[in-house]
């Protein structure tokens, strides 16, 4: 990577974020002498208590090292091998986790649904569930619904929509899983309590993302349906997801929710994204693909302009020829957003000239 | 836990260790601004290079969050679903990983072998391999051998023994996996090079343990057989073992091998263990179950004495009624060892009196 | 089932067929005294030879008890757990086998494609394959293509189309699987040799269906790519699909291909289907959903007429509210077809009157 | 195979048996015109009723094509992926089914136990169950016990022993599975009712073997614990074990239990085995390895004698260098047994002379 490129603001992904200073301090504080392993340490013992307070109900929390593990193991605990999971057709569990859910469930099926703004629409879900081949032995049996909050495209389910999905699920005895890779970003958008956005709306199990918002490979599964706790605990161990030195992940997660740190970090990311989104939307030849409700911006612009931006060394992700993604982080700034807006303005203006070809940035990252 | 108990030295496990100061500094240094995700950062890019230097051959390194993941995913890459893996009957992969290897291989069989000092004996392996039901369709087909260095009981395979096992494996086209949860402790004992203890002796893939010896949930898989690299890379992602913010694990692993830090840390643990082992062996009514060659001590003593030690709040692990395990760490001291020796002396001396009953400390930890 | 209903012709499925007299005789002849088990009997030993003659190349044949086992185990042998299989969106492997392919592959993904006349269209496949996320670690990696000949809707791939699909597959190193549940019906339609319809067009492995066309739960996997033979043989045994008394299945399969019996039986079914299809197509308010090229007829008619037919006790399968399926068998007759045509004519004519509601006949059968 | 060899009696396995004439007639009678598929035919509908009468309780019966499928799918329905199954160390599920149980359970562990006469001894089971690592997250959790009646060595559990095992299982909430590959042979030996040998003694699910005793690849799973019925029905379909033309298997199973046919056939086999066992035991240098209680005889004799018998073309199975197995079938005769006794007498008498080397008959068959 050349110097010039490094100097440009990086809106490629929230996975490129560093660890927030508050989290770093928590890690350092946890690093004092020996501590019991596999969750018997003082930090891990506090997790359930503090998260239960945060969620205003009794929850059980399991730290995991990645969001893929959180999603796939949560779903494996809810779904029979011959079961099926409804999700949006852009859901990360179907498009970007290497088949982890199929692997950990023993081959369950993901049934993908269309839906405006990259969210499952309750009427579409209801129709699918109603028309499912219930009891037919050669057809996958619906066992769960998975929604992503905030969604993979940065849109956010309103509470009423989650509640409606929760009701459909409950009616048919389906588990409701929430992929909360950007949970705090969704919370900030809605300004509601974690309880309102989850179990009060029918969520049974939550992938509680924290890594994208300031921790160091420390995500968690938060379980509301206590029947899932025991089987999940075995599946985690068997999946190599039970850390021996769990105190370090637990200390991070405690710090992450203390004094609303998670909300403060996410609020920063959302604000920069809103600023960047508004600035881009105001440019000629640029359209937003989805409303900017969290920290992601998807913009449609001419392919030539995209190539030009890439050639300049700007970091972003592509989605096809004419759509790019920017992601704001807790450590992003409005100045950086302004810089990107200026770059895009120039690239679009010049995009009638021949652009340079660049290798596509892969979808994987 | 009461105050008195906390004040006692803790020889329960190397999993209770903190992170070494050098590793902590590396984490802090890595925490500077954004960095590419999923292994495209500067630290991760250095990993293969530095480990190739360390191992004196081209290797590929994959950071993982636990030793269970390292073992099970390494083996899943070597073994067909209808395959079999030879291991010692006390191997962690069979006795203490919750069936992770069976899960990730799709149901392969672990064929356990007896062996003195908790090591596979080459003649026993040779006989098993020779007598295997090769080509018989209703019998698991041997695909791999897994050895643990240092072993689960703190014994260490001499180089000639590994080489002999490697030769048996190669003759039958079996992969040789080394569970190196305590790899550095084995190296220190033998005083040999990492190359001699692995690929030069026939090892194809290594679970490179670092967490027990000073890192923070950062272990790795080191691949010598380059044919395994591609399939392993997919399996890791699918297992939720590819960290988005990989730089933090990579920075730790780089620091861990820099200036022989891993050897210095392990040497400390081994030395304290040797001191503790010698002290215990000299006590009446105490016998060592296995020679102390790494950082583990297994001692046989009267059940009453064990109960008394537990009642005192000493931290250790039990193996049946009359055997206990002590584990020395890089941060253990000879003074702590002396304290334990004194406690055991008193407990044994008093064990003809009625001991107190304590709940067994579980094998899990 | 009432008498009246039983007296009506049954076009519900070719799974309701009896065993043809020739096959029955073969079973009886095989039933003489003891015979070696698990395929070492004289019948089974002949299988590879006779099928190799039929297919004009060296093939290996494995009898299995169901088409689901044939499909799922064939594919499991071609596809890595993190692999993907392209198939038509109406493919039986995706819609009607209870997730068998996901189960036996260890969680591979089925990537479904649209396509006119219920066949994969080569340009659509080429585009999908070209645009696949090759090498991207969090995306399923294409490993196979599966086509159904004759298709689930009774259409038949022309040879040139299979060859084109075969070429696309070969270019990308994908295995080509053919679900030949109605293989003989396809052969009869094309009037070509089995070789032309399979390996000469690029097919690597074939689910050779026979049960729907006259055998008694005796299907087979025919392997052209000899690299698949050994792994498949283990997978079959492990799946409980290696019959101890294999002679009975083998004797049936030998009789099935002797003197072109399979073609004679399929020709009868196809002819009755053509007759029935033509008769239905000539009725007012009835349209064929797909051309009748094998032994299946899909007809669109008013929902009221369908309900009336069901109320009369006619046996057929439903596909949604206005589409029904008829299946002709080797033991169907033109008279029966005429009877159905007359019934449908009357039902359609009367369908402006209120029909009776019947429970939908399930898709499972 | 030369003429002479063919002329010799065949005691190699009960898998070499033909189909009994009564079963053959039932198949022919079932072959009349079309019949509903996937178990909705008249024969299949009768199965549950007739078997419920036979077992004196409500049971659900699922025909399957092999005993391996019966065992592995029964156990997969009782056992969690992180579960464990206790079985004898000679149990077929562990030694001779290609890992089917591991595959279908998703990687559960088989915990093998020693036991005299190749049966699990209740005290050994009780100790194992009591000492199990209940609740420990990194250890397989006991979910089932599997016993084989008659055992793989032709011994038969007395009712009291089964009941004791059933009680141990019930106490710990374990499912009790019976591998009844030779169920009728066990029944004949005990002279008890099927109910006494199964659910009254605590059996929850039974692999009801029939193929070895006269059917044509038609075994069944008989479910006593009705909670297992629904999940099993899905697992069967997904495993490719739900026959479309189920009537043929069902007709066989109905005929098999009609008028106690299964008992008459097994009685014949047991009687010939008893005769053969007694004759062999009376020979010098020949010892029975286990009491002959069903239709299997295991005899120890000099290796030279075994080689001589093999060279003569006698069909039997080997177990190591000095043990051979003979299996009597419903179609075996006392004359054949006498012939074998005479051959063995001669082989033993001549075994001090140099024998010929023969290729070992494989364990697979």
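In order of appearance the chains are A, B, C and D, and numbering begins at 1 in each one.
As a convention for this text, contacts are C-beta pairs under 8 Å (C-beta built on N, C-alpha and C of every residue); 3 or more make two chains touch, one makes a residue touch a chain.
The shown structure was predicted, so the numbers you read here are calculated from the model rather than taken from an experiment.
*Asks:* Looking at chain pairs B-C and A-C, which one is connected by more C-beta pairs in contact?
*Replies:* A-C
*Asks:* Looking at C-alpha means, what's the farthest chain from chain A?
*Replies:* The chain farthest from chain A, judged by C-alpha centres, is D.
*Asks:* Give, as an integer number of Å, the spacing between the C-alpha centres of chain C and chain A.
*Replies:* The separation of the two C-alpha centroids amounts to 42 Å.
*Asks:* How many angstrom lie between the CA centroids of chain A and chain B, rounded to a whole number?
*Replies:* Roughly 34 Å, centre to centre.
*Asks:* As a quick test, compute the distance in whole Å between the mean CA positions of chain B and chain C.
*Replies:* Centres of chain B and chain C (C-alpha means) sit 52 Å apart.
*Asks:* Taking each residue of chain A in turn, which ones touch at least two of the other chains?
*Replies:* 38, 68, 81-82, 97-99, 103, 106, 137-138, 234, 237-238, 242, 364 - these are the residues of chain A that touch more than one other chain.
*Asks:* If we count contacts the way the header does, which residues on chain A are in touch with chain D in the complex?
*Replies:* 38, 80-82, 106, 137-138, 141, 231, 233-238, 242
*Asks:* Taking the touch rule as given, give the residues of chain B at its contact with chain D in the complex, in rising order.
*Replies:* 68, 81-82, 95-99, 102-103, 105-109, 133, 136-140, 362-364
*Asks:* Would you tell me which residues of chain B are touching chain A in their complex?
*Replies:* 10, 12-13, 15-19, 24, 27-28, 31-38, 40, 64-70, 72-73, 97-100, 103, 211-212, 216-217, 234, 237-245, 248-249, 329, 331, 364-365
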